[in-house]
Structures are given as structure tokens and as C-alpha cells.
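In the two complexes that follow, chain A is the common piece, with chain B as its partner first and chain C second.
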Partner chain A sequence: MGGTRSWTWHMAAAVVLLFVLGMHMLIMHMAGTGHWFAPYGTEPSSMRNSLFRDENPFFIFAYILLLGVALYHGLYGFRTIVFELTLKPATEKAITIALAVIGLGLFGLGTWAALVAHRIALAGAGG
Partner chain B sequence: MAEIKRYDNRLGIAGWLSGGRWGVERYAYILHRITGLGILTYFLLHILVTSLRVKGIYLWAGHGFMHQPIFRFMEYLVFAAFAYHASNGLRLVLVELGFAIGKPMEPVYPYKTSLNVQRPLLVCMAFLTLGLLAVGAYWALTK
Partner chain C sequence: MAEAGKAVRQIAFHVTRYNPERDRVPFVTSYQVPVRQGMTVLDGLHYIKDNLDATLAWRYSCRMGICGSCGMLLNGRPALACNTQILHIANANLTVKPLPNFPIIRDLVPDLQSMFDKHRIVEPYILHANEAESDFWAGEFYQSTEQLKSYLQFSYCILCGCCMAACPTLATDTRYLGPMPLAAAQRYDADTRDEGRHARNAVTDAQSGVSHCHYAGECSRVCPKGVDPAKALQLLKRSLVLDYLHLGRQTSPCKKLQGPGNGTRLPDIAAVPKKTA
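Let's look at the complex of A and B:
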């Protein structure tokens, strides 16, 4: 039953990713043309445009959401592939724990970086 | 608690890579896994690289390290992997939820398998992927 629930979350995460990652790629690569969330020059990934987005709490929320959803989808998918090799239960448990630790660690790092970047951008905007 | 009986996956990794008699969906599945692993590798590195901005290091900005032609090409490969993985993933979600596989019916010859019923969805997915790849390539070349 736990497997079914995790797999359903995996699919739900995929649908969320489709929209959030799609928006992320559009904004980071094509937004320069229309200046969507990139008011400085034509390069959406320039430092000034990055700082402009880091100022906005909506982007910080979106980054953290994208980070969590993508880490869950990616690491659970990886776990599924590895488990098809029919490993010993103890090995499967060790892999699950290792992936959970890696996932939580990277989620912590990314969330911390997004929040610090937000504070830096606000401090920069305030002079 | 009852012990689950486990069978050896005799084919191993070779079994993943060979479509055998399973048809085109099996190759779609293999490519889905390869692109998924590629995107995951990129994503883990992406977290580390973007986290460096708290130290004032923007490797992707201006004419920095990430603007070398090899990285631009690899960026397109990531986009291509995303385009395929997302389109095929959409198909998989629809099939998993029971759409596009037809209704249960009496097994009367000639049999109509669900694989054949959902084939048009696979074709739509392939065209969607090709369309996205073409738009991405046009954008990358004209930028």
C-alpha cells in the first residue's frame, strides 16, 4: 500500500513539474524577448535579472517548490530503477535511507540558498 | 509477516536495453529512463551551481564559465531530454490512469490489445517531442 501511495505521489509530482519546470525554462531562456521577469537587457540569466527575481517572494516559493518536487520525483524514479535489479531487502533499505538523506540534504541546501539569496537581493535593492 | 518471494532479474541491465518482442513502447521506456537519469544528474549539479550565488558566484551569468559552446550544446541536450521525458511522461500518466487503452472486452479473435489501442497516443507524443525539439533548436540557433 505504501508503494502505491509513493507511486501516486511520483505521478502527481510529475504533473506539477511539467508546469513549474516548463515555466522555469521559459523564463530562464526565452523571457528576455518579452522582458518577463527580466527587466534588465535581453539576457534573462544575467546577474541583475537573477537578483531581480530573487527579490520576489513568489520566485523563492517557486524555487523551493520546484526543488522539493523535482528531488522527490527524480530520486524516487532512480530508486525504482535500482530496485528492479532485485536486491536484498537490507540493501534496498540502505538505498532508501541513503537517497532520503541525500534528498533532504540537497533540499536543505537549496532552500537555504534561496532564502539567503532573497535576503541579499532585498539588501541590494534597499541600497 | 510473510516473506515476499523474490525472483532473479535474470536479464539485468541488458534486459533494460533490449526491446525484444515488446515493440516500440519498450524503446520509449528505455529512452524515458536514460533521459530521466540524465536530467537527474544535471539537476543535482544545478542545485550545487545555483547555490553558489549566496557567495556571489554566478557561473551562468554574463560571459562566464557556463557560456562556452560545449555548455550551450549540453544545455540543448538537457532541454531535448526534458522535452522527451515530459511528453512521454504525460502519455504514461494517461495510460496509468486508464485513458487511451480502450474498454475491457470479450477475448474474441482477432484480439485487440491495449498496446495497439494506445499507439495513436504514442504517435502524438512523438510529434509533440519533435515539435518541441524543433522550437528549441530554432531558439538556440537564432539567439
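Let's look at the complex of A and C:
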């Protein structure tokens, strides 16, 4: 299951992406519909509202999930486009390794940032 | 309506010419062709060969959309020359080029070998777990109308290569198997007499396989036989995904009726006439 395995995950990532991007649109750009998860003032991206969400493990999970699926979907899509140029197998292998390293690096960095934000938010809430 | 047989319009045929032994690159030569109502592009090419330029080369055989040998690019669209009436696609000018995505052997003759090679590796025939059964079928295999319909459309392919010429993915990635071989794989995978789906998966699932298809649908738009290869490829993708998730149907070949002629005849099928000699 070579192409099918990556393609299935690519499609599954797209579905998850739709869900988490929908959440992002609702919270950040459709505040008028009900100030979802942004109880302080009118600006959903204000520090207080951000800290409010960062306290919640669900949001930390959602950030990490969004990062993971966006990276996988984007980098796999990019790889597919580049591979259509009929490159040499060695070049394709190098590109795959480079993209995997970039993807894992960015995922690690983003996960660390989300966890630090969670810790700061909890510390703030604790006084 | 114009009288059949009488020329109704002069059409300029702009034909790509190329002789690899002589020419560095393809070039275009124009010919004026008097066109009658109902005349096909193939007729037009014959007119050129008979009256204007005997050196023009193209490939054809049946003249009736059956053999699949006269595929070419007509006004930018892959089509069968014998199946396309000139006045349906041209007012004054008609460009005639060889099918893209294939090397040119000469003038309008594409080299379809790469397509035939890809077709061969999907094993486009009924495979049986029991090899003896493949070589010497000992009975009839019952197939319902529904089971027949699941692959019938895909079996109309005449291997003309028009879909391969239209496929944008194949245009950039020559390793991609392409719509015709993959549709052929689905044709046999869907056939209840076949047990070769898992063997074919190894080819259709490879990096150059069906996951490369972007579902642009150009292959189906140009197919002169209504095969709808894009649909076949999406069905193939679905079955590969289900197999990957271990949700695919287990291959269970249709019921074998022992001995030819021992099956129950369906009510709307007439009996074989009595032998007269």
C-alpha cells in the first residue's frame, strides 16, 4: 500500500483540517455570531481571550492537531506536485527526507510553543 | 441542407509533419481540402494523400471507431479521425497534430508502446487463483446483470490513447500509469469472475499508480467510446483505500455452473437455434 497509504492520510488530514479551520474561523473571524471561547471584550485575539483558551487542554490539543494535519497535508501536497516533474529517484528520496525533517522540526517547535503557552496560561490563572 | 457528395466549404488543414530521420523538429504544412457534408477528418487526410501530398503518414485501420488506431489531436482535442466530422469542429481551419504525451514515429503517427507496456503490467485479463482453471475453464460462471454492469462500461475501451494524450498528470509525469491502463485494472478488479485484485493492487497502488490522478476528468471528456476512465479511477481509489483499511470486499468469484450449457437460462434469453447441418 504505497501511494494509497499516503493518499488516504492526505485525505483524512484534509477532513480534520476542514474541522479545525472551521473552528478557527468561528472563534477568530466570526466573533459577532456569539463570542465563542472569547468571553472578554470584543476582540477574540486579545491577550486575555488567548490566555483563556490556552488554559484549556482541548485547545492545546486542537492547536497541535491543526499544526500536524496542516503540515502533513501541505508538505505531502507539495511533494506530490514536485514529484510530477519526473525527477531522479535519488532526488525524490532527498526531497522526501528534507520535507520529513522540516515537517517534524516545525511540528516539534509548534508543539513546544503550544505547551509553553498552556503553562503560562495556567500560571497566570493561578495568580 | 447541402447535397451529399458536393463540396460545401474549403477547409485549411494545418497538419504537423515530422520525419525523425530528416527533420530536427516538427513543422506545420497547410493544405486546402474541399469538404463535403459528412466528411470525416480521416477522409480529409485521404484527400490530401491522394491529391496533394503522398508523403503524409498517419495510422488507421477500421474507419469506424473500432480499432483505436486513428487517434490524433484535432483543433487541440484528442479524438478519432474516423469518428469526427470535419464540419462539426471546423469552419475554415483545422489543426491536425499527433497525440501528445507520446513520441512521434512520423507525422501523425504516435508511438503508443509506452501505453501498451503500462497496460500489460496491470494484467488486463481474468486471473484465477487456480491456474488450471484459467487455462481450461471447465464451466460457465454465472454473473448477474448488476455484476455485469459494474464493469461493462470500462470494457468498451479500444486502446486509442486519446485519454492518455489528454491527461495533464501524464503530461508532466511520464511514469504515471495513466487513465487507460488504470481503467483496465478496474475493469478486471470489478469483474466477479476475477480473483486478481490483490495482485493488481501491487501495481495500481505504486507511487506511479492511481493515487497520482487529480481527477481533472479530461480523460473522460475526450474518450470516444464513453468509457469514463476518470470514474473507473475513482472507483479503483475507493477499493484501494478500503483494502488499505481492511474493509475491502473479499474476492469471491461468481458461482460456477458445472459444464457449459448446464446453467439455467434467464427468461429473456432466446434458446440457441437448432443445428441445420
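Going forward, the second predicted complex is superposed on the first by the 125 of 127 C-alpha atoms of A that agree within 3 Å, B and C clash if a C-alpha of one lies under 4 Å from a C-alpha of the other, contacts with A are read in each partner's own complex, and residues count from 1 in each chain.
By definition in this document, a contact is a pair of C-beta atoms (placed from the backbone, for glycine too) under 8 Å apart; a residue touches a chain by one contact, two chains touch by 3 or more.
Worth saying up front: this structure is predicted, and the values here are computed from it rather than measured.
Does chain A have more residues touched by chain B or by chain C?
The larger set of chain A residues in touch belongs to B.
Where does A:S45 make contact in the superposed view: on chain B (first), on chain C (second), on both, or on neither?
The first partner, chain B, only.
Classify the contacts of A:L85 with the two partner chains as first (chain B alone), second (chain C alone), both, or neither.
both
Please work out whether A:S6 is in contact with chain B alone, chain C alone, both, or neither, and reply first, second, both or neither.
After superposition on chain A, A:S6 lies in contact with chain C alone.
Look at A:L18 in the shared chain and tell me whether it touches chain B only, chain C only, both, or neither; answer first, second, both or neither.
first
Share the list of chain A residues that count as touching for chain B in one structure and for chain C in the other.
84-86
Along chain A, where are the residues that touch chain C in the complex?
Residues in contact with chain C: 1-8, 80, 83-86.
Which of the residues in chain A end up touching chain B in this complex?
11, 14-15, 17-18, 21-22, 25, 29-30, 43, 45-47, 50, 54, 67, 70-71, 74-75, 77-78, 81, 84-86, 106, 109-110, 112-113, 116-117, 120
If you look only at chain C, which of its residues touch chain A in the complex?
Result: residues 169, 172-176, 201, 205-212, 237, 240-241, 243-245 of chain C touch chain A.
If we count contacts the way the header does, which residues on chain B are in touch with chain A in the complex?
On the chain B side, the touching residues are 6-9, 12-13, 16, 33, 36-37, 39-40, 43-44, 47-48, 50-51, 53-54, 58, 60-62, 79, 82, 86, 89-90, 93, 96, 139.
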